[in-house]
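Before anything else, here is the set of structures, which you'll find just below.
Each of the two complexes below includes chain A, the first together with chain B, the second together with chain C.
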Partner chain A sequence: MADLRIDLAGIKSPNPFWLASAPPTNSGYQVQRAFEAGWGGAVWKTLGEPILNVSSRFAAVSYNGQRVAGFNNIELITDRPLEVNLKEIYDTKKRFPNHAIIASLMVEPKQEKWHEIVKRVEDVGVDGLELNFGCPHGMAERGMGSASGQVPELVEKQTHWVKEVARTPVIVKLTPNITDITVTAEAATRGGADAISMINTINSLAGVDLDTWNTVPHVAGKGAHGGYCGPAVKPIALNMVAECARNPLIDVPISGIGGISNWQDAAEFMLMGATGVQVCTAAMHHGFSIVEDMIDGLNNYLDDKGIAAAMDLVGRSVLRYSDWGNLDLNYKIVAEINNDVCINCNKCHIACEDTSHQCIDLYSESDRPMLKVREEDCVGCNLCSIVCPVDGAITMVERKSAIAPMTWNERQSLIGSLSR
Partner chain B sequence: MVSMTSQLDRNFVELTSRMTKNEAIEEANRCLYCYDAPCITACPTSIQIPNFIKKIASGNMKGSATTILEANPIGASCARVCPTEELCEGACVLNSSTKPIKIGHLQRYATDWAMESNVELFTKGQSNGQKVAIIGAGPAGLSAARELSRFGYDVTVYEAESKAGGLGNYGIVSFRLPNEVVDWEVEQIVKLGVDIKTNTTVGVDISADEILQQYDSVILAIGMGAVPKVGIEGEDLVGVHDAIEFVRQTKIGPLSTDFVGKRVAVIGAGNTAIDGATCAVRLGADNVKILYRRTRNEMTAYHFEFEFAKQDGVEFKWLTAPKKIIGNDAGEVVAIECIKMKLGEAGADGRQRPEEIEGSNFIIEVDAVIKAIGQTRFVSLIEAFKLKHTNGVVDIDETTMQTSHSKVFACGDVVFGNGQGEAMVVTAVQQGKDAAYRIHERLRKPSEIA
Partner chain C sequence: MSDYLQSMDEINKVDHFLDSGYKIQYVYENLSGMFVEFGRQDEVVHLQILTADARKYFAAKLQEQTLLQ
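Entry: the complex of A and B
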């Protein structure tokens, strides 16, 4: 049994799985049900001046029959009075003292507003604060959420204002709706953030109804962009976490968010530098009980790998992530097809023939259809093994290069030194 | 109190139900969309199977139905009667990794959509002034008619029965293929301007010569006839049935209650024997035995038909040959005398020949006997057209589909046998298409025809 506890900038929780600030953490009733189900922490749905919501708020993208491959919402921050939320946070913390409760906050970019709300939520016993600089819709039009989060100076200044009064750790939640997230992450770090979390949702329109031509979702025939999350955004989120994790100027822990659906996703985020993860869409799709396999699966994985504690995973793959210019130009892999496992769907052949490097030949051997890779033409792109529906039919194998490793950057500096 | 007839009616309702939309989409999404897919190669009509399945997944139902029916005008029937595990589904690459796509069920889902939405999928071509007569409105004839009409021919189909559809309406058991499906397929072809003259027997109502004179081309698609004599005593007793006619009766009229509680013996173990046996069970027979002079290994029925018959409670008596049918004073069947057989040397066809075990005669008490030992040929009609044939199987050039008469083409069961073709609906459909294409090619390239 591995030790699953985490400590993110001083916020402790029994496991790395927190519910993200979102509809699942709207009330004490929900958060308490989540804790009963096993969630290690919860970031309360963002507190601020209560707002008005619209009806019809969510939409999802199905892919080949798989529902909720991606999820889109136009719901705003909490629509309940602050006093009600604070009382429920107090009650929940009292019932679950060992679970992490983090208050997500969003107010106008004014010092006194931040000071006031920080004091009020800390008074009811939260374990930490998360500044919502990410919400891309509605609140942004009022100068909050991602409107603040897209301006590094505002991120830094508001983080600083919070830190002036905060007694608990401060996490700054970043928006991905920006060209380079490390810029705002650095700003948060400069502002004194104890940790950063990412990603908030990505600006999105889930679809257009082909019969009515309305947007999906729509409100009385009119739509507005929402925020995209769910499994589809995981690779985007993972890259942003990794980019921040490998940036020496961003020396604070990261809470990973974005499409995490199971323990495997969580482990990947942790390997790429996240000290724990936040989940929303998976819970909205399946209910709180999905955390059971997240905990169990992560525990079994750690045991199998002989790793004593979840925290030992954090950042173990960060050094393996770099810039393209640092990749070895002389490393060579090629596809190898095992015709005994191959089921002859020929997807590799047509993918390579039509869209890659035309190096998979179809032939037959005593009337049996066979496939073969012409290695001299194979660039090791992986496409065939990606489209192959059968495990073990295509393996990408290394071909030792006669030439010593050399990266693009090394090559350029060598050329530079020779021309001098 | 449910009447006996309505109880029997229920026994003949189509067995498999249509996929739900969810099932169809889930299954369609499982299709790998293979390149050069083996299911297409395995389909005698070469339906672009991955394409029609992809179209179900994308919600393009009209396109899906069109893809199927373009390649196979009898695609709604074939969705139900094709031995898919021997064809498309048997070839599905997923057999090696998970389980094959339910292609037949998906094809039914798409063609059912076409039936219910009643959209026009095909149109008659601009008339080219050529006239074609097709003898026989079964799968082969209808398929040829559909294609020729699209090419602009004036097509007349002569059908001896009161309805078009052939085997579909008269030979394939209702619990596999309801007549409504066949009627719809016929209707689609009639909508293309094809004139189907039913209740018109060539050789009786119109002579072969008249047809040869009146039309530019003729397609002979007359199928096969009744079950031949077994050649044993007692075949004329009351209670001895021809399996083809026996099944036909279940397709055309009110179901007979004469078999309720009766004991039935079926002679033969091909697919028609299975049809006869399972129809007998569904008509209320108490006990149905299939008598076959060889063993399970030589049986020509498909494996799934064999399994189906067993589930219906049909008994199989292997190495059992009938010697004589025994009647009572009223001339009714009361028993069948059989003899045990053993397998001897292999015959010319490579199969071991059954030999009688002397003195092993025994009697089975039965109330009815159904003969299913093959089908006779319409030799006199074939000869009326002065066509060369081999034991009633019309000789054709398999490339041109032409018979010994250059104006007459032949397809379907009439050319099946003697190593020529296969007796499946789907094969007949392809041959019908081929005959149509050959006629059309001849028109387009008259100079190349010798």
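Entry: the complex of A and C
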């Protein structure tokens, strides 16, 4: 049995699985039920001046039968008074002293506003704070959320204001709605953040109803952009976590968020530098009990790998992530087709012929249709193995290159050395 | 000609010049590919390399030449 406990900038929790600040952490009732189910921590739905929400708040994108491949919401922060939330946080912490409760906060970018809310929230015993510089809708129109999070100077300044009075670790939650998230992550670090979390949701419009021409969702015939999350955003989030993890100027722990739906996703984020993960959409889709499989799965994975503690997984793949210019141009893989397994759907041939490098030939052997890769023309793009519906029918195999490894950067340096 | 055959043709030309005692003197690249100048004593020859595989191969040969110098 591996040790699943984590310590994120001094915030301890029994496992790396936290609920993200969102509808699942709206109340004490929900958070306590989540802890009973096994979640190690919860980031309370963002506290601030109580807002008003609209009706019709969520929409999902399904793709080829997969429900909730992506999820869009236009719900804002908590609509409950601060005192109500604080009482429930206090009660929850009292009942679950070993679980992590982090208060997500959002106020106007004014020093006194941050000081006030930090002091009031810390008085009820939270384990940490998460500054919401990420929500892309509604609050951003009022100068908060991602409107703050897109301006590095505001991220740094507000983080600094919070750190002036905070007694618990401060996590800065970043928006992905920015060209380079490392810029705002660096700003948070300069402001004194103890940790960063990413990603918040991505600006989105889930769809347009082809019958009514209304947006999805719509509010009395009108729509506004929302925040996109769920499995579809995982690769975007994973890259942003990895880019921050490998940046030497961002030397604080990372809480990974974005489409994490199972223990495998969580392990990937941890390998790429996240100390723990936050989950929302998967819990909204399947309920709190999904954490049981997450805990079992991660535990078994660590045992299988001979890794004693979840913290030992953190960052193990970061050094394997680099810039394109540092990749070996002479590394070579090719597709290999196993005709004993192939069902002759020809998707690989069509994909290669129409959209790649035309290197998969159709032929027949004893009247049996066969497929063969012309290795000399195969560039190792992987497309055939991606579109193949049969496991094991196409394998990408490494071929020893006749020439020594060389990266693009090395090549350019070499060619530059000959310049006149 | 397939990309493969074209690249092999260009690789053979690179090898031919190097095996004949030429040294890579200068190279530049533009929208039309890579242009290489080989030199042997007072003799200069030029080669345009179009294919990606041959340009990779050429870089490996340039590295070999650089290491030997």
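Following the convention adopted for this analysis, the second predicted complex is superposed on the first by the 419 of 420 C-alpha atoms of A that agree within 3 Å, B and C clash if a C-alpha of one lies under 4 Å from a C-alpha of the other, contacts with A are read in each partner's own complex, and residues count from 1 in each chain.
Keep in mind that, in the parts below, contacts are C-beta pairs under 8 Å (C-beta built on N, C-alpha and C of every residue); 3 or more make two chains touch, one makes a residue touch a chain.
Not measured: the values here are computed from a predicted model.
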#### Entry: Winner by number of chain A residues touched, once chain B and chain C are compared
C
### Task
Report for A:L249: first if it touches chain B alone, second if chain C alone, otherwise both or neither.
neither
### Message
Is A:A309 touching anything from chain B or chain C once the two structures are fitted on A? First, second, both or neither.
### Response
neither
### Task
Could you look at A:V390 and tell me whether it touches chain B, chain C, both or neither (first, second, both, neither)?
first
### Query
Between chain B (first) and chain C (second), which, if any, makes contact with A:N344: first, second, both or neither?
first
### Query
In the superposed arrangement, does A:V208 touch chain B (first), chain C (second), both or neither?
neither
### Task
Classify the contacts of A:V84 with the two partner chains as first (chain B alone), second (chain C alone), both, or neither.
neither
### Summary
Contacts from chain A onto chain C in the complex sit at residues 329-330, 357, 374, 376-377, 403-404, 406, 410-411, 414-415, 417-420
## Note on the structure
Listed in rising order, chain A residues that touch chain B in their complex are 64-65, 343-347, 349-350, 362, 389-390
### Query
If you look only at chain B, which of its residues touch chain A in the complex?
25-26, 28-29, 32-38, 57, 93-94, 96-97
## Note on the structure
Listed in rising order, the residues of chain C that touch chain A in the complex are 2-4, 24-27, 29, 56-57, 59-60, 62-63, 66
